[in-house]
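For reference, chains read A, B and C in written order, and residue numbers begin at 1 within each chain.
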């Protein structure tokens, strides 16, 4: 992998982050006068002026923009009037809960989705394959909150096995994780299957068999490593759906993570918090995609050399 | 249509049975029928409140009665009427969103392919930008910053899918502009309008239709999810997601409130996904 | 260094007059991070005339710039330098609107007939379309004209309502020909019109072209890498190598007494009908160099058996004899048979 490729990807990632921050700034300014928003329509005009001066709202727009950029670089994202404290603190406090949920979901997804996809591909057109794919379509087209409702009905209402909301014990984790895992594992199984099928049809698989390798040896040595490479590209998509699914799932199960905070902040128009969460998610997506690109370029040298052309 | 039948590959037997496709089509037809005809036979207005008849169960459960087939909610509103209205709203919003996304995305894709250069660069940056953030987060942010209105919400549903139409249109249009029939028609002296309208669009229509069938259930999922969170369709209007959202609080006492709309959502998106997959196998030029 | 112009044969007014045509574009690939994109000189100073009613052939290996030349003439690619005149009217730099009436007079036939036809339109409609574009005739007449033309190029009535993929390769090329001819053009540019076809069909299309040419008084610019077809069809021939014309002259003369070593190598490679005949095949050494990095001097010298020091340093001009046979070679200035 050459430096040019790495630099290109890095520059692109930085540009996207700048673009995101700029969008947030523009949207914030477009959405109304923050002074009126915070102090109310009937506020004393003098108080409004003081507020504007205090927050630099009386400066030319480009100065405000630079100031905004500077604040972002220093990690100062403003004050949450709803939480009545520094917005960043409020967000960071919720982060571990969300990461815990996402981490467990991610592991479960890999443990279920990938083996299921490989098995389906190796036994193509068997009833297991068809069932896997049917379940995968169903899982993918089942919105998180619908599945979650069904789970609550079963485990909390009917059998009274698990708590339907809150966090604290391992029982609280079961349903949110299960809800998110189904959709993710469905996508992963499907993609793994098609990646495997693609590889199994390659000439080198026939060669491997022809040179005397047993079928399972050929699969282990040649098919699996090659099928793993395209799988890396879905990781970006995976993180995206995980984040979006997390918002719904956390709200449904009253899981005190970032997703639930985002929803309540949107409902309360707590813009400082919304702004941080959006930027946080966007930046982690950009970072994920950057890592994927670099990883992909490293694993598959053809990509890096092809894409430097444009 | 002759082309389709003539070039259709022999049907490969995959994991699903044609029976499932038939069931899917039947379900979708039923939903459309209900949505279209609902206003003529609905027993109640979906907003009419009857506090004397609150949380009545459906007719087949103990305590249910024939005046409210599917029971009533916490304000005594008829669940059947609300369900039908919700189906109407959810389908309509998803349809409008899909159409807006398709029109806008196709137009942008054609512009990028026609003008190339900086227009193309700009479109590609926008596509990458949108693809890099989960759309639900973007939608939540927009709702937070601009507060919610029905028009804005429908526009959001349209923006949801545009980048995929744009990507498809741009790619296919570029490849046909650079070689093949589009060049041939250009050397005949045809105007760009004619080249795009009469030749390129009909040829990429299949790919766009396939994308629409895939995009539609996803739009339903997005709409119902946002409405479930209370950030989509706003009361007094109702959508399937809304109903589940309000019903969630009554899971212990009136499980049907959330379960019925949840089932409708599940069957509809599932039917559409199965149907869309099948359409893609039949239509998608790249899978031939 | 510019190829000098053949002067001895500009008798009468040419239909098409091409002078010093250049086409250079930047490669999409850079050599290094901030390095310049290499300039690819696809067509490098091409000049020739086509007289009314003539069939003019251009031959050469793939990548020699013969297709680009055709595209430059029809404004499908942008010329970086030079002039193309049709009946005295300058064509380079014209707007699309100004081109529109000219499209009726200059038509193009593509190499790949399946790609050149819209897969979702019936062939009859595709032949009618040029008339609609140029607003000629009413609907009924358009249809009638298209049907007549399609039949006269050899399609059956039952095939007119079909889609391109339902026809054979030869039938598709007949449709493409009909679409080009329905506007009654004066000049038909055929870019490898038969190379995508089965060998058995090739002859039919060539015969059809010949027949149409005499019936409609067409002028032909026929581009091909197949020398035997060009010999059969064309009155005059130009041989291109790496973006330049290396030899040009009346077909009979050029094929019977080729002068440029490259032409001789090409002609010696034509399969002969008589298997007993002794063949002095002159093999070309190596691949043609990249147009992004052409050799100094005569562009053919790295592959030429006659190359001298002179050839390595200076580019030979294209010089003509009295009969209009022009060669760009220092070593072949005097025709072989005249020396003997």
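By definition in this document, a contact is a pair of C-beta atoms (placed from the backbone, for glycine too) under 8 Å apart; a residue touches a chain by one contact, two chains touch by 3 or more.
Everything numeric here is computed off the predicted structure, so don't read it as measured data.
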Which chain's C-alpha centroid is most distant from that of chain A?
-> C
If you average all the Cα positions, which chain's own average lands nearest?
-> B
Taking each chain's centre as the mean position of its Cα atoms, how many Å separate chain A from chain B?
-> 22
Whole-Å separation of chain centres (CA-atom averages), chain A against chain C = 56
Roughly how many whole angstrom separate the Cα centroids of chain B and chain C?
-> 52
Any idea which chain B residues touch chain A in the complex?
-> 13-16, 20, 125, 128-129, 132-138, 140-147, 217, 221, 224-225, 228-231, 241, 244-245, 247-248, 251-252, 255, 258-259, 262, 265-266, 269-270, 272-274, 277
Chain C-facing residues of chain B, complex = 2-3, 6-7, 179-181, 183-191, 194, 199, 202-203
Interfacial residue positions of chain A with respect to chain B in the complex = 16, 19-20, 24, 27-28, 30-31, 125, 129-134, 137-138, 140-146, 149-150, 152-153, 156-157, 164, 240-241, 243-244, 247-248, 251-252, 262-263, 265-267, 269-271, 274-275, 277-278, 281-282, 285-286, 289
In the complex with chain B, residue positions of chain C that touch it = 74, 76, 99-101, 103-104, 107-108, 110, 112, 115-121, 129-130, 133-134, 163, 165-166, 176, 179, 183
